[in-house]
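Read through the structures below before going on.
Both of the next two complexes hold chain A, though its partner changes from chain B to chain C.
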Partner chain A sequence: MSKPVIATTSLAGCFGCHMSFLDIDERILDLIELVEFNKSPIDDIKSFTKDCDIGLIEGGCCNTENIHILKEFRKKCKILVSFGECAIMGGLPAMRNDIPVKECLAEAYLSGPSTVNEEGILPNDEELPIILDKVYPCHEIVKMDYHLPGCPPRADLIWEVLHALILDVDIDLPYELIKYD
Partner chain B sequence: MTTQEIHGILDKYKHDKTRLMDILYDIQHKTNYIPMDKVDIIADELNMSSADVEQTISFYHFYSTKPRGKYSICLNNSVVANMKGREFVAQAFKDELGCEFGEVKDDIGLFETSCIGMSDQEPAALINGKVFTNLTTYRVRELIRDMRLGMKVDDMFANTFGDSMNSSPLIKSCVRNSLKRTGPILGQEYIPGKTLKKQVALMSPQDVINELKKSHLRGRGGAGFPTGIKWEFARKAKGEKKYVFCNADEGEPGTFKDRVILTEKPGMVFEGMVIAAYAIGASEGILYLRYEYRYLRKYLVDVLDKMRKNNSLGKNPGGIKDFEFDIRIQLGAGAYVCGEESALIESAEGKRGEPRNRPPFPVEKGYLGFPTVVNNVETLIAAVRIIQNGGEWYQKLGTKESTGTKILSVSGDCLFPGIYELEWGFTVRTLLEMVGARNTQAVQVGGPSGALIGPEQFDRNVCYSDLATGGSMIVIDNRRDLLKDVVLNFMEFFIEESCGSCVPCRNIPTLLKQKLEKILEGKATNKDFDDINNWAKMMPINRCGLGHTAANPIITSLKNFRHLYRERLKKDIEFESGFCLDDAIRESCEFVDRIPNI
Partner chain C sequence: MEKKIAHFTIDNKECTATTGVSIINAARENGIFIPTLCHYEGVKPAGSCRVCTVKVNKRHLTACTTPVAEGMEIEVDTAELNDLRSSVIELLFTEGNHYCPACEKSGNCELQALAYRFGIMAPRFPYQFNERDVDASHPKIYHDHNRCILCKRCIRIIKDEKDLPAGSQGRSIFAFNQRAKKVKIKLDDRLGKELSDELAQKAMDICPVGSILVKETGFKTPIGQRKFDKEAISLDNSINLKAMKEAHHE
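And now, the complex of A and B:
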């Protein structure tokens, strides 16, 4: 039987969740025995080359590219996991959600105290992703199957979850894994 | 407003920071807003931080740090107002003024406000604190014309005033009391001071409490705690001083009975407070009057003055030795949550009206830390009747567990909205017949925090053990879209009125409202139903009654009107996000001048 396939991505996140993933340390060697990685920053595969079993999503959706990638993940992966605070609730990037996006853009490109933009150029090249009116958590865009809380989720928690999903066993979630201070 | 004027107001309240509500009220009243640059002066003089003053200001709807205009119009946006054509009145205000709600134009401010206790005469609005009821588009044009001419609000009334005492020189209001049916509490003749002087004066405090206990009277605000036991706790509690509060902050949409009681029988309410004070050993009393009823203040102050002259208040009320008791009126400033007794006490101390953690209960540590009894307006007048006629007499009224009568505020789709006093234990069907309701689709029993019930439940009994109510009964006939016209409005109400202290109360009503909107758009799936049910389970961990019940509009309608939800459900689909990419990018594309290429 072929190994389960994992894909991961970071949308509007800081890569902190992926760093936490790497914090499973030497267990990554065990993981490689158990699974195969497809599209992911970990192996630097840029596009899906096959259907996957598990997709880990870091970060919420702040622009059209995030939406596109998330929908692609939904199509390609059997199980999708929101992985960390930003994917689950929008996180820090969502702090702009109370401010109209026009004001955010004006502050960033025109009126901010450190902004030098005498010609008032705004980012509107059609190659660029379009910024959304607010930052959306992943489950408001596609169906998410699981949510892994934490900022970032602890390496042990990530390990436990992957372990349980891969081997199809019950998950052990002691208090220490899901407490945050 | 000059700094000198601010000092004048501070002097009036002896620089007492617990009177911050009154200080802010006076400033707001004088200048129509509270200038931010004066906040520091108030804070310095009261020896508190500016942030503390600011947080009290920002908590209440009727305080503002921005000018609200020489005339400030607050149009009620409750469910019943909408049923009675608020939409057209609101549009007329906007058209005449040329501005939107939340804006000030030509020194006239236009704002929305939650239920102002006029559900039997909607649409209604407050203009500079005066109540204008039964508004029509014609009346709106008249009012705006008068404001533009600079007329005084008092002179803007048409020639007719409301019924009963509403036309008295101290009230002069167009409000109508609409007493449709009175019973032993409201109907019997009331002779001011007689119960106190002829009966209470001959009783010991414990006798009074025993009589109350015998009557099995329970609190009429909604929670239904036995009044006699509450008084006994307060009597036994140790404290240098004790307080009696009358809770006249009825904010539950659809209820207005306290407004009518305070207009019809104010002396009886105050006499009830005196009796409570004698029973528990209190020396000071406070009537916490909701801002929306401030048009009654002069009238109530006059009643208190007369009571002092008649020896019913002040030194030795009713000629009782070693007993001294006086009452002052504390105005609220617009906050539903202040109807909760500990929030009400916080507010009366000049703070944000956030409910306290319990224990300790107010009977142990209440106002300023002293033992405090908080009773509803209706409870207090019932207490007077109980002393007058005896606990046994009262106990025979109503049912075994719910003794006595209930004063109901009936509004909505019926021929005769108004006040009805009935013995507990009547069925909803009886009431509907009484008020002239036809083609009734649903009744909201006990306001938004109560339950929405349908015809199959109209034979249930209204009493504490079956269908409890604080008094609000909103009749809804089959012309209405229950989910859109009623449930959605109630959810908006709870979102607006949450004090924000407990996380579930602050967040879940908003999330549930988003779900409801998704349902109304026809985009909801079974998953959304499950989410609603699961999330609503978190509400009981909130601190106060508002928080416990803030999801009730959705929970009870989902239970009793499931078919209305079901028929809007997207079937055969597991997940539907409701997300619209075109909408989400419109604003930013506009700003950077870009044609969407998705």
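And now, the complex of A and C:
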């Protein structure tokens, strides 16, 4: 039987959740025995080369590219996991959600105290993804199967959950592992 | 007056308590925890959060406002009621803007502790991202309206008791301002100016979320040593136990 395949990505996140993933330390050697990685910053595969079993999503959706990638993950992965506070509720990027996008862009590109932009141009290249009206949690865009809270999710939580998903067994998570910060 | 003893059941367990005490306290006397949020021992219950909802003779009632009586059949720890409590907590999480990673109260927050206790991984309701502001104008405290759950604890508990005739209740230093969706907690202009350090600290301590914070004291306790880091909220560590002990000392 071939190994289960894992894909991961960071949308509107800070890569902290991926860092926490690496905090499983030497267990990563066990993980490599158990699974194969596909599209992920961990092995630097940029696009899907096959269908995957588990997709880990860090970060919420703040622009059209995030939505595109998230939908692609939904198509390619059997199980999709929201991984960290940003994927679950938007997290710190969502702090802009009660500010109109126009004001956010003006603060960043026009009126910020350290900004030099004499022509007053906002980023408008057609290659750039378009920023959304607000930052959306992943489960408000596509169906997510599991949620792992934490900022970042504890390494032990990531390990326990991945291990259980790979081996298809039930788990009883200890109280200390589920934290929102 | 002679105290009358009531006989009742909680989840089919035979219990007794003094007639007239709240169901929360009657349950506590029998070693049973009913999750609460807005309730604070010693002040008049508000029944505003509905987290302590129990079933009494098949009807939903709040345990903080309902006195126990002879023959009651009370349900507390059932799947249906726990799901109802969980939904109330999820509503609070989606209605306000609760960024736990950036909150000083995280780890000591009762709303968060209840969410942990109920094992909430993500809320079932869509996030509202309502526009709320932070009021940092007071010299001693911040008021973060993003996190306020309008439980009225600060209104009910923090009172100005200077120069008052004996027996009177004291004036509330905090109050509701405006109505409906716009309602928010505000400090009284005059009494707020005289807010003592002790009362400011007390206001922070009794706030179940991180809405009232004393300035320049944040993040004192390291992660791992905060109140609810290792222990779930229960009878032994709820704020009401502390309030009860304080009330007995007085």
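Descriptive notes on the structure:
We take it that the second predicted complex is superposed on the first by the 178 of 181 C-alpha atoms of A that agree within 3 Å, B and C clash if a C-alpha of one lies under 4 Å from a C-alpha of the other, contacts with A are read in each partner's own complex, and residues count from 1 in each chain.
One rule holds in what follows: a residue touches a chain if its C-beta (ideal position, glycine included) is under 8 Å from a C-beta of that chain, and two chains touch if they have at least 3 such contacts.
Because the structure is predicted, anything quoted here is derived from the model rather than measured.
When both complexes are overlaid on chain A, chain B and chain C end up clashing with each other. Within the superposed three-chain model, A:117 lies out of touch with both chain B and chain C [touch as defined at top].
Touch criterion not met for A:49: it reaches neither chain B nor chain C.
When the two complexes are overlaid on their common chain A, residue A:67 makes contact with chain B while staying clear of chain C. In the overlay built on the shared chain, the residue A:140 is in contact with chain B and with chain C.
Within the superposed three-chain model, A:131 lies in touch with chain B and out of touch with chain C [touch as defined at top].
Counted by residues of chain A touched, the larger count belongs to C, out of chain B and chain C.
Once chain A of one complex is fitted onto chain A of the other, the partner contacts of A:102 are limited to chain B, with no touch recorded for chain C. Applying the stated contact rule after C-alpha superposition, one finds that A:179 touches chain C and leaves chain B untouched.
Counting contacts by the rule stated earlier, residues 134, 140 of chain A appear in both its interface with chain B and its interface with chain C.
Contact residues on chain C toward chain A in their complex (touch as defined above): 93, 97, 99-103, 106-107, 112, 115-116, 119, 121-123, 126-127, 129-132, 223, 229-232. Of all residues in chain A, those touching chain C in their complex are 82, 85, 88-92, 94-95, 97-98, 134, 137, 139-140, 144, 146-149, 151, 175-176, 178-181.
Partner chain B is touched in their complex by these residues of chain A: 64, 67, 100-102, 105-106, 122-124, 126, 130-134, 136, 140-143. In the complex of the two chains, the chain B residues touching chain A come out as 527, 574-575, 577-579, 581, 583-598.
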